[in-house]
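Each chain gets a letter, A, B, C and D, in the order it is written, and its residues are counted from 1.
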Amino acid sequence: MTVSSNDQLAPWSLSELMAVELAKRLRNDDVSIMGTASTIPQVACRLAQLTHAPDLYSIAGGTCSVNPNLGPVVASCGDYDLLRADTSLSLNDVVLLEGRADVLTVFFAGGLQIDAFGNCNLVSVGDWNHPAMRGPGTVGLPFLSRVGRILIYTQSHNTRTFVERVDFMSGPGFLRGPADWKAADLPGGGPQLVVTPLCTMGFDPETLRMRLETVHPGVEVDQVRAATGFDLVIPKLVPTTPEPTSEQLSIIRALDTNGLLKGK
Amino acid sequence: MTVSSNDQLAPWSLSELMAVELAKRLRNDDVSIMGTASTIPQVACRLAQLTHAPDLYSIAGGTCSVNPNLGPVVASCGDYDLLRADTSLSLNDVVLLEGRADVLTVFFAGGLQIDAFGNCNLVSVGDWNHPAMRGPGTVGLPFLSRVGRILIYTQSHNTRTFVERVDFMSGPGFLRGPADWKAADLPGGGPQLVVTPLCTMGFDPETLRMRLETVHPGVEVDQVRAATGFDLVIPKLVPTTPEPTSEQLSIIRALDTNGLLKGK
Amino acid sequence: MNKVLPLSEAVERYIPNGVGLLTVGGMHLHNNPMALIREVIRQNRRIKRLLTSPCGAFNAELLIAAGLIEEIATSYVGFEHIGLAPCFRRQIESGTLKVLECDEAYITHGLYAGAGGLPFIALPKGIEFTDIPKVNKEYYSTTTDPFTGNQVNVGAPLKPDVALLHAYQADKNGNAVIAGAQFVDRYMALASKTVLLQVERIVPTEEISKHPQGTTIPGFLVHAVVETPGGCYPTSSHGAYDFDDRQIAQYMSIAKDDEGAKGYIKQFVQDMSEDQYLQTIGERLAELRYGDGVLPVALSERKG
Amino acid sequence: MNKVLPLSEAVERYIPNGVGLLTVGGMHLHNNPMALIREVIRQNRRIKRLLTSPCGAFNAELLIAAGLIEEIATSYVGFEHIGLAPCFRRQIESGTLKVLECDEAYITHGLYAGAGGLPFIALPKGIEFTDIPKVNKEYYSTTTDPFTGNQVNVGAPLKPDVALLHAYQADKNGNAVIAGAQFVDRYMALASKTVLLQVERIVPTEEISKHPQGTTIPGFLVHAVVETPGGCYPTSSHGAYDFDDRQIAQYMSIAKDDEGAKGYIKQFVQDMSEDQYLQTIGERLAELRYGDGVLPVALSERKG
């Protein structure tokens, strides 16, 4: 969905905007890992490496290669082309590092359902025994409880995806809220950001509930509220998400020569 | 120690004779593994592969390469040259296979002490807390309890090495004998052969105690008895170990161009 | 020992009907051993329980579509960016396929435990905050950590009866080269009682010996080697060809109901030998081949 | 991030005196990180507990000879076919060095557990028939297998504070190539809080990116990279040079009593900088170099 124009490079796509927003949250000393269907995080990491975070490490969760060169961006996290990279780990290595909890600082997560406390569900909607909708499965999401910072992204912002409570807990966010989260004493830092086609959201530091941060250009706050299946914390002032700059867009387009993000 | 002559290739060495005796016990469908200081088993495996057991697999316990080409034989089981081989495993892989117990069929073992039931000790002589002699350590010997057949070899046949009971159990043979062995119900098949510079020995099927099988050319049965620190089972007829054939010797010499076995 | 067998004989000899636990290699749309799987379907071998890698794809879906799977142990079955796996989803929603819900770390560590004869594997703190252990008590449990006294999560060892795996090349003995990502395929080989290997090509042992460090599956773990060029299609074969998103999308639209799925299986699997199938996809496969410049990354030559 | 440091600064900055658990890479007389170890001795860093790979050699012995080790966790220290390690043996026999007796499988699995945040590792049946668990209750214990109800052997996770490792080459970020056998060095890197890496040479990242599948230590695990050509001597550096059995034999004869050992340490370590030491061994090192035809096996080039 193409929504706006910027300059000669534009129009930018929402996927490109989402990649830029994710990139901004990456630090130069991060070690990040992404999983299934991770075109947007791939681009976010490479964009960060080529701008403010040259030393960022980015692990493709399928091939387990480190810092894939991404020329061009590929659709699958297990793609042969991702092996053009700095280093190769095995899947067992990566699973070990996930358990170690002091090495990997960023995980890109998502879900069929994402709830008010940032918990994710990729397993099933409805009763697990008789699911209304069966999801693909959780893959590595349980690792969310051990990672430094969770960055959530999803292409669907609606009341089926954003629910008060996930039907099946497959990726722990802030659990059932502050008391529960504190009692659990998990090594991870919990979810920090949610990026959707409508907005970016963070978490209220007191209640640990999801809080609107910015609305994308052309999106109204009420539109976000209506698309969200729980009481979203909405501050008085909600700034607009900055449009991707032409510098950002030209880097993204140079990486994404197959246009995987461009049309969406 | 060179002891005898055979033909134009001779004189053969005791190490060469020991390698030949070990080779004879290897089968075409074996998967064998050797550890530290394993020049003799290396040659035994390669000799077997080049004669009656072409499909034998031989794993160098240090590099964990499979079927090293051995041109020439090397002194260390971790030698870079052993990586010229068919396949490479990692040490973790090999340790896993040792635990699996249905894959590896032969382990070449040894000890500072070897006792009447074929138990081995590479840790310490005397009380472990105040050892009279500290050995290097057990490495992978505990795995003896899980391997198909244990083939023991040692360069020293004397009453310090061959003792009634090991001071420290670091590589389980037939434990404390038939009742103990049966109760333990271990997946491994126990020790099958002991080769020394004096003789070859097996185990009595009833008592599971070590039993003399053959004496090497020029060695007397009484000499073996005197060099053994426990009551060795000695059958009425003890044949002489066959000398290595000229075919065997020429294969060995072609592998062992540095003469690691020749002089000993 | 020559382990090379024709496809049909490998399946006939090594996969009993009703096999207890069968596992299929590859991850997502890569290195799925589809030729072996198609033959399992042709021979109508029922499977009590199927275990996937952390991300199953067409390897699981096609067996499910054929109605051969009673239970599946998995942490994911789907087609990644392309979409959900229709029969996997439908059979679970309708209650005809039982799921043993797993997560990636458990499958990976569970295979390590199975390979190593470990009685179980202790798991890091965290999984107990998900619903997964609650719905899969056969694989997840707890015990006492004797070093701290804490209760900790543990997983059961995974020991497949049969593994179906793909590799880029092998010699007749089964010494095999995985040309790209190894996923958990090597651990499947280490943990399984019987291993059937399909390869793009069989090469002489001398060729294998040129790159021992790229040859990471030793022949003694392998029971049969089947030469199946193109045998991963429509998934990718690392080092050889890419996956076919068009074919996957076509499958998804055909298999959107039970009848469609049955039709697909009949048309593309049961009514065709593997050779016939390869002929029908030959042109498309040629388009999907990696360029000439792309060499299998594991094939380094050792000089000297 | 540039992690290249001079040898002295790497040790100064990352190894506190009295460090809790330090581990040294390499196995037998191969890939021992001797340059780092010699510097630890020059800076007189005491080590509470040393952990070796399943087979320690000169890496452990020299630290012991220098009197820096209080306890050692190991399954073997020796010089393989050349003979026993004299100071290791003597200090244990005299009671000045405490041993945490281990076996190879436990060290390997224990590092896996340490790397993965597993609370402990369940071990296969068998170790309980040895005397090892009886004398090392800190690392070996038992617990209940909840799947069978059986009592089973378990080992504690190994989480070194510092690992000293050798690799053939690395870039300035610490992305490193182990040119030959990996032993347990990669698991030490995965399990340790701090990793110091010595390499034969530092190469540009572009050189590293040519063979990603041979580059198996990612820079994010590495804290310092030190360029120390010849730095494994007198042990081998896989891909570069062989070990020196003559030097080991000479050491053994000099170190046959405490005074001799002290003299060796003073002459060859404390009284010389690493550069000076390399000059004295330069000629011998040249003899030990692998022939020109021998290329590091991990360095495959990926084309395309």
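Quick notes
One rule holds in what follows: contacts are C-beta pairs under 8 Å (C-beta built on N, C-alpha and C of every residue); 3 or more make two chains touch, one makes a residue touch a chain.
Just so it is clear, the model here is predicted, and its values are computed rather than measured.
The chains that touch chain A as well as chain B are C, D. When the interfaces B-C and B-D are ranked by C-beta pairs in contact, the top one is B-D. On a Cα centroid basis, the chain most remote from chain B in this structure is A.
One simple way to say how far apart two chains are is to compare their mean CA positions; for chain A and chain D this gives 39 Å.
Remark: chain A and chain C have CA centroids separated by 28 Å (rounded to whole angstrom).
Of all residues in chain B, those that touch two or more other chains are 65, 83, 95, 98-99, 101, 146, 187.
Chain contacts: chain D has residues 109, 112, 116-118, 123-125, 186, 212-214, 290, 294, 297, 302 touching two or more partner chains. If each chain is drawn as a node and touching chains are joined, the picture fits none of the line, ring, star or complete shapes. Touching pairs of chains, sorted by label, consist of A-C, A-D, B-C, B-D, C-D.
For chain D in complex with chain C, the residues that touch the partner chain are 109, 112-113, 116-125, 141-148, 150, 152, 154, 156, 211-214, 290-295, 297-304. Residues 27-30, 54-55, 74-78, 80-81, 84-85, 88-89, 92-93, 95, 101-105, 108-109, 112, 123-127, 129-132, 135, 180-184, 186-187, 236, 238-239, 242-243, 245, 290, 294, 297 of chain D touch chain B in their complex.
Contact residues on chain B toward chain C in their complex (touch as defined above): 28-29, 31, 55, 57, 65-66, 69, 83-89, 93, 95-103, 146, 187.
Against chain A, the residues of chain D that register as touching in their complex are 1, 112, 115-118, 171, 173, 175, 186, 190-191, 193, 205, 208-209, 212-221, 302.
Residues of chain B touching chain D in their complex: 36-37, 39, 62-65, 75-80, 83, 90-92, 95, 98-99, 101, 122-124, 128, 130-143, 145-146, 168-172, 175, 184, 186-188.
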